[in-house]
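There are two complexes below, and they share chain A, which is joined by chain B in the first and by chain C in the second.
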Partner chain A sequence: MLDWNWQFTWEILPRLIVATGNTLLAAGLGYGIAVVIGLVFALAQRTPFSVVTIVVREAVEFIRSTPLVLQIFFVFYVGPQFGIRLSPWTAGMIAIGLHYAAYLSEVYRGGIESVPKGQWEAATSLNLSTARTYFRVVIPQALPPSLAGMGNYLVGIFKDTPMLSVIGVAELMHTANAIGSETYRFLEPYTLVGVIFLLISLPTAAGIRLFEGWVRRKLGMVS
Partner chain B sequence: MSYLEFLGQYGDRILSGTLVTIVLTVLAAVLAVAIAVAAGLMRLSRNALIRGVATVYIEIFRGTSLLVQLYWIFFVLPLFGITLEKFTAGFVAVGMNLGAYGAELVRGAILSVPKGQWEAALALNMSPAKRMYRVILPQAVLIMLPPWGNLLIELLKGTALVSLIAVADLMFQVKQINGTTFLSAQSFGTALIIYYVLARFLLTPFMRWLERFMQRKLGRA
Partner chain C sequence: MNAQDLSAFPMALQGDNVPMVSFKNVTKSYGSLVVLDALDLDVAEGEMVTIIGPSGSGKTTVLRMLMTLETINEGVIYVDGEPLTHMPNGNGLVPANRSHLRKMRSKIGMCFQHFNLFPHMTALENCMEGPVHVLGLSKKEARERSEELLALVGMAEKRDQHPSRLSGGQQQRVAIARAMAMRPKVMLFDEVTSALDPEVIGEVTNVIRKLVAEHNLTMLMVTHQMGFAKDISDRVCFFYGGRIEEQGTPDELFGNPRRERTQQFLSAVKEAV
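Right after this comes the complex of A and B.
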């Protein structure tokens, strides 16, 4: 096969593996932000204040229908215009975290809506406070049906981290670009990046499916 | 510089970028639909080899990033003797990526056509090809149209990445404008709004219309 250079491959592999660590860190941090903010987005759409509901609903729609790479640029470059300087990591985490928060809020919304009405009524009749109703009754039941969607977006956020390279976050794609421009060899770095992504995302996706089945069995929800 | 002045000065560049984005989206969508139908049907083949080829394709394109695939097609494929012009490389990458996601939708929709329809076609002595084209696929299309609406929005968003290989789409134009004027809120903000309008007021109503059209065609309006 053309001129694949194994020696060059072994030379750049350590750099790529270090960068893989950054990629995983970025995906993990971004996902952590998304999981929390997503819940806020989902709950904000259920408040009795219709203004809040409409504003959050439209914001979620807006974030979901515009490109992540554009949002990353927006967050990174608009701050300095108003005197707020964000590091690439901070800007990247805000952008990717908010983007996936919008997606996850839809997953949560579906999960919450799948909780039977009787559960709400039972919580009301037991005089549980709103917070207690959510955290002790509704959310625990809304979680299992949300797990599949949450897992998909965990893999999704991981695959979207290369976009952070555009503002200079030193993750996998950024490192491969750097190697490419230093050595004028693109075959090995880009192919290795693809292989590393496959090696991580395929087992993760399979693992998530197993975990989901395990949770369902654990909760006696086998279908 | 007021926002109106900004639009007056850079409006035509933003407009030409928007047109490129629309053309890219249409071309990538056509490619994605063709690949999705082909790979989706291949996944249902009884031949293990055909099934395997489709599975490998789908897993590779769904398992890696669109950006990685784009760079690979643009920078590495020429080493194999296949040089694509950047515009072509752009929509081919986006189309192949979203086609892999679409293949799973096609497969799922075909499998969810009620079993009685397959049996009825068999009872009428239809050939497998005729059964697929005249009975199963039209009904499957109706089932898969709503998720395709979401996928096409993903596709539109995906085309923004081709700006990174210097295709002069909307994203590329506003990046250039930002580079010369440093008016980031105006340039990137305008692009965000245009993408939103394209997705929400062009793509979504079109898909709704297509759904109603298909429903009427199948007599289910």
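Right after this comes the complex of A and C.
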């Protein structure tokens, strides 16, 4: 029989709610970094400069083939040996942002490659510059097919934020651990963490699907 | 492949009657497949030249090379007297840099078989994109110009529709307006009616007739519609195997083809109709 203590549950809830704020902030910031840097990674792999292309492609491959938690440790603990001393938040955001940037760059790449060749040719025939072609013609069309993948990684980064607890970012997992070691009760904090993740993940996933449909309509593209 | 010797080509075409478009000894190949074989082709300013010929004879390639969508292996193309994908350097020609290419490209417009309208923009936005972001017109000027052209092609009412809401013929007319909005000197049409249902072909060909009548454009058109080619062209070129097998006025070429391959092609086309 589980001995679930409701009074204890209500006591720790406020602390966990505050920590939820940190989790959302970490996921949001990390995702923001990933969205932008991911685009840089994707575009860099399409430049005519083969050195850039190869370096970025290998970096993306490297990031995707090693565990996130290792990358977090690496940035936080190995950085200082090179004189780069970062706060847990900064190190965590860099690590998780770059990690997801690598994944998102692949999503973007797929989206960009799905844009028909004729669109590029039309842009050339109108004499649009390369930058204009990307930002006005290609990326808007690459977006709808990328949104599902982008949404998956938004939920993914959110679920990966507990890994930031290993370097002391005070997000949900870190807070639940702290509560556990203070009170020797683990059932309630961990259960609550699970419920909170569920309550955020599920609506987010549904929201992303609605957003996808809205973007397609907004861009005048029939789905 | 070795860089070709360009010393035989002038840095610019000068004198009276410089053609608007001039292919000089242009060769294009993909691997061992020679698609254009030492092509020489001049098109005078204001001339309407139609290219006909069997599938794979290099018709599309001619237009794509002019639009700088394909690289050139040998020879030089001149547009308005200046080399298209080369530029003068010292006393010879070298491959053109980006700014030269963009300058030359601004003289040329192209319409594609599959329209290639931007699906996330309305008809009007499609037309305004180039004038605003390439030519630097104000939104207002670009809008006026685009609306005028959409009216010319009979698409004024549909200007706020996205391409997905337009029929093929309507999309192609918007594509023509979009290309014209850049005020090119040379317009290229690559089988612009081939992807259309028979009943809407006329609305596109009528627009092209109108352009011929009202604008002093130089045009190169690839088409399989012999009737249309016959009554609109100043000259018809019959392509075969990457070369011009025969060319002449529509009356000469259609009425009295001299080469056997031309005769065969024309009678095969006639049977198919």
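Observations
One rule holds for everything that comes next: the second predicted complex is superposed on the first by the 215 of 223 C-alpha atoms of A that agree within 3 Å, B and C clash if a C-alpha of one lies under 4 Å from a C-alpha of the other, contacts with A are read in each partner's own complex, and residues count from 1 in each chain.
The criterion applied here is as follows: contacts are C-beta pairs under 8 Å (C-beta built on N, C-alpha and C of every residue); 3 or more make two chains touch, one makes a residue touch a chain.
None of the values given here were measured: they were computed from a predicted structure.
Considered on the superposed chain A, chain B and chain C are sterically compatible, since they fit side by side. By the touch criterion stated above, A:70 is placed in contact with chain B alone, chain C being left untouched. In the overlay built on the shared chain, the residue A:197 is in contact with chain B alone; chain C does not reach it.
Looking at the shared chain after the overlay, A:81 reaches chain B, while chain C stays out of its contact range. For chain A, the partner that touches more of its residues is B, with chain B and chain C as the two candidates. Shared-chain residue A:50: touches no atom of chain B or chain C. Shared-chain residue A:159: touches chain B; no touch with chain C. Of the two partner chains, neither chain B nor chain C is touched by A:181. By the touch criterion defined above, A:7 reaches neither chain B nor chain C. Once the two complexes are laid over each other on the shared chain, residue contacts for A:173 go to chain B alone; chain C is not touched.
Following the chain A superposition, chain B and chain C show a smallest Cα-Cα distance of 29 angstrom.
Overlap of the chain B and chain C contact sets on chain A: empty, with no shared residue. Remark: chain A residues 116, 118-119, 121-122, 124-129, 132, 136-137, 140-141, 219-222 touch chain C in the complex.
The touching residues of chain B, when paired with chain A in their complex, are 59-60, 63-69, 71-72, 75-76, 79-80, 153, 156-161, 163-164, 171, 174-175, 178, 182-185, 188-189, 191-192, 195-196, 199-200. The touching residues of chain A, counted against chain B in their complex, run 2-3, 61-62, 64-71, 73-74, 77-78, 80-82, 159-163, 165-166, 173, 176-177, 180, 186-187, 190-191, 193-194, 197-198, 201-202, 205.
Of all the residues in chain C, the ones that touch chain A in their complex are 67-69, 102, 105-106, 108-110, 112, 114, 116-122, 129-130, 133-134, 162-165, 178-179, 182.
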